[in-house]
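As written, the chains take the letters A, B and C, and residue 1 is the first residue of each chain.
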Amino acid sequence: MTERNVPHAELSTGPTDWKSGAMQARIARRYRRERIFQSLGLGAVVISVLFLVFLLGNIVKNGAYGFVQTSVSIDVTFSADLLGDPTSLSPEAFTEKVRKTNMLRLIQTSMQELFPEVKGRRDTRTLLRIVSTGARAQLRNMILADPALIGTTKRVELLTSDDIDQVIKGNIDISLPEANRKVKDNELSWLQTLQNDDRISLNFHSQFLTGGDSREPELAGVWGAIVGSAFTLMVTLLTAFPIGLCAAIYLEEFAPKNRFTDIIEININNLAAVPSIVFGLLGLAVFLSVMGMPRSAPIVGGLTLALLTLPTVIIASRASIAAVPPSIRDAARGLGASPMQVVFHHVIPLAMPGIMTGTIIGMARALGESAPLLMIGMVAFIVDIPGSINDAATVLPVQIYLWADSPERAFVEKTSAAIMVLLFFLIAMNGIAIWLRQKFEQKW
Amino acid sequence: MNSAPAETGPEAIQAKPKMAARGVNVFYGDNHAIKDIDLDLYADKVTSLIGPSGCGKSTFLRCLNRMNDTIPICHVTGEILLEDENIYTSGIDVVQLRARVGMVFQKPNPFPKSIYDNVAYGPRIHGLAAHRTDLDEIVTTSLEKAGLWQEVKDRLDSSGTALSGGQQQRLCIARAIAVNPEVILMDEPCSALDPIATAKIEALIDELSGRYAIIIVTHSMQQAARISRKTAFFHLGEMVEYGDTTEIFTSPKEDRTRDYITGRIG
Amino acid sequence: MNDHILSTYDDELQEVRSIVIQMGDLAANQLSEAMQALRDLDIEKAKEVRLSDKKLDALEITAERAVIGVFARRAPVADDLREVVSALKMTTMIERMGDYAKNIAKRTFALSDGALVVMPEMLDKMAIEAHQMIESVLEAYVKRSAEQAVAVWESDEALDSMYNLTYRKILARMMETPEYIGELTHYLMIAKNIERIGDQATNVAEQIFYAITGDNLEEARAKNDETSVELFAKD
């Protein structure tokens, strides 16, 4: 307040005394404020980074085990009595015979050799539960691929069931009373024996990346969801990009500026903020009910996601078209280029990096979207890998949702692993967007 | 031709204007930007349009090749004649008009393409060259006329935006020349350039003045005095005075002209 | 007239103008001093006139520098351009007036040595007229009055006829008294000098007229006033 009391006449005379106490205090205060503001900003960044690290760390910690699976090595005798003799049978008859054979009997024989003390139907069933139900298909495929195996005994690595897998991964607390856990004491003791014999191993599990969905966690894979996502995104891209680009060009370059175009512009901006589930309902009503398209198919999912992505593509494209300096338009126009030549020879090529960036970011958003797809039935349990855009399919986020909803403990890690796969694709797409922008950005 | 300014000697016989404005008014919405302008522009005389910012000189210039058409609220009345043909009648093809009346802008604005493609763009879209060799010929002669050939002949494939500001502006002039215009409009072509680059552009304008009718808007009175034969002074949307440049800069008839060019508080 | 946006420009133009006025005053003063010396055959006064002319020469150089400075810094146009160009020419003209006055003073030395011859009374009248013209043209310059400049320009006619009269009178006296022909020749030359001072004042008036209007006074008069052609035919 003392500064205020100085009359103006005195203020205006002579040079300012920068060294005075009041001035120094003022400068110190300014610097202090700046430091406080900077540390607040830094704090905000640190908190965000911590959250991100926590989230990613949690997913990676859970998900890392999703890529490995426990197997047990057992000596399987491929009995010719059971499977038929490839030397005497025709290839077709042999295949037929192998297909009809219950492979469980091969496994049972081997397991009973290992644990001769196990008698009785119940215990035997429990013993066989150590091995995954997928082991039968595994053995069958082995034989079909190599008929020479018939009559030999070979050490085979078979997947264990998800419960045994979880014990090995330490996810089942074996200190609990027997009644409170899925894996019983006798199973644990057999497991111990197998471990002592060095028959249990933890290996990279490629089926997770190459297989379709399954009720059995150890057999479930994301490939079906990846292919479903790819088909869906392809439909989205082929629909949203041309429509969005044309709309953006028209609105930015040709449309008269009047109340009507203003309303359209506001609505497009609002559309970008509409909850995605609403687009799902729209897709359900239009594509399934009215147009009668196949349920759960990527074509419908893709079209629905295209509705969702369209505003993003239009807004991003308009922004980058508007960012092309008017001087370039003037230059082309001044040479006698027609409005369309101006746009297609100059504006679009210059705006393309921005348009592509916006489109890829829109695609990335579509890739991560699950809610609208739930509405159009892409939430079904689908084992087969889709072969076209009309096949029933699911997509990565929905797969994650499905697995997260499954009761088996082993699906926890599968969920996280699938999230990691999804994040990989999202980061890759954003990376491509950044790379495009860096590479093609024009400097003026 | 009664409205043409009084000329003496042989000029009075020669003068048939290349372009002429007859009672031109321009409105931006409700704003009356240009008020009732009559002006004759001659093919063999560089004409300068001078005046303070916002006086309408650039607006008038942009009327001469209908560059204002792209502004929706812009409305032009009156006649602008190019060789006795009103360019604002409905039958006129604007695209062709702009090829006949070329333009060079305040900020050098080469396309972010190669030097060659910059010059070749106009001839390409108008189909002026039948073969690649013809196009090469047009590019070479245009760059030569623009005085840029010696500087860029070895790097025609490098980007036009990589040139210096003055070179970029000469490239823009070469680009305008390449479509073989009859009139070249220049909107403050040197305002972003240093004195050396400015001198080169001015020398170029001198060089080109015989071949093209050149109309130049400039903020530099000295530049107007140096390069133009005719000068028009605009103020608040009106054309206050139009006459021989020497006359305007030694004995302007109007006080407003004098106050502006001598730097007085008007 | 409005001031320039740059007030230093006004200051510089004002400086040029004040030098011109100073020179004009000095030249007018030199003329009357020289006539005084002549009348009294005052050698000392004549010497003073000679010294004063040196001052006039120095001022001319100062004016020249100031004008060149304005050109270099301001690149003057329109009336500013006319103002400084005519100022430059006017200083040369005024300097010439000073030279004529000095020449009159110089003749005082010769006349004071020679025989005592009565000074023709017309000379005084002429000098007063010429002095009046200088004063008047300076006033026109200060007031920026084209009309007054024209008036000065027209008044030269009177001085010319006075000179013609003086010439005839001196010629008559030469014939009457051939022994004083040397002294009378000096007086004749002095009459011519005064007449030349009047011519220079006329030239200055033309410059003032040009600076103010941008037109050439002779051309303008020729166009507007046919009778003035007689004036040129006369001499």
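As a working rule, contacts are C-beta pairs under 8 Å (C-beta built on N, C-alpha and C of every residue); 3 or more make two chains touch, one makes a residue touch a chain.
In this text the structure is predicted, and so the values were computed from the model without any measurement.
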Thinking of each chain as a vertex joined to the chains it touches, would you call that graph a line, ring, star, complete, or other?
line
Could you pull out the chain whose C-alpha mean position is farthest off from that of chain B?
A
Chain closest to the middle, measuring from C-alpha centroids that were averaged per chain
B
Could you give the separation in Å between the centres of chain B and chain C, each centre being the mean of its C-alpha atoms?
50
Roughly how far is chain A from chain C, going centre to centre by Cα mean, in whole Å?
102
With chain centres defined as C-alpha means, what is the inter-centre distance between chain A and chain B in Å?
59
For chain C, which residues are in contact with chain B within the complex?
1-6, 9, 75-82, 213-215
What residues on chain B touch chain A, complex-wise?
65, 67, 70, 72, 95-99, 102-105, 107, 109-112, 121-122, 125-126, 161, 172, 175-176, 179
Over in the complex, which chain A residues touch chain B? Could you list them?
256-257, 325, 327-328, 330-338, 341, 345-346, 350, 442-444
Hey, which residues of chain B end up touching chain C in the complex?
221-222, 225, 249-252, 257-259, 261-266
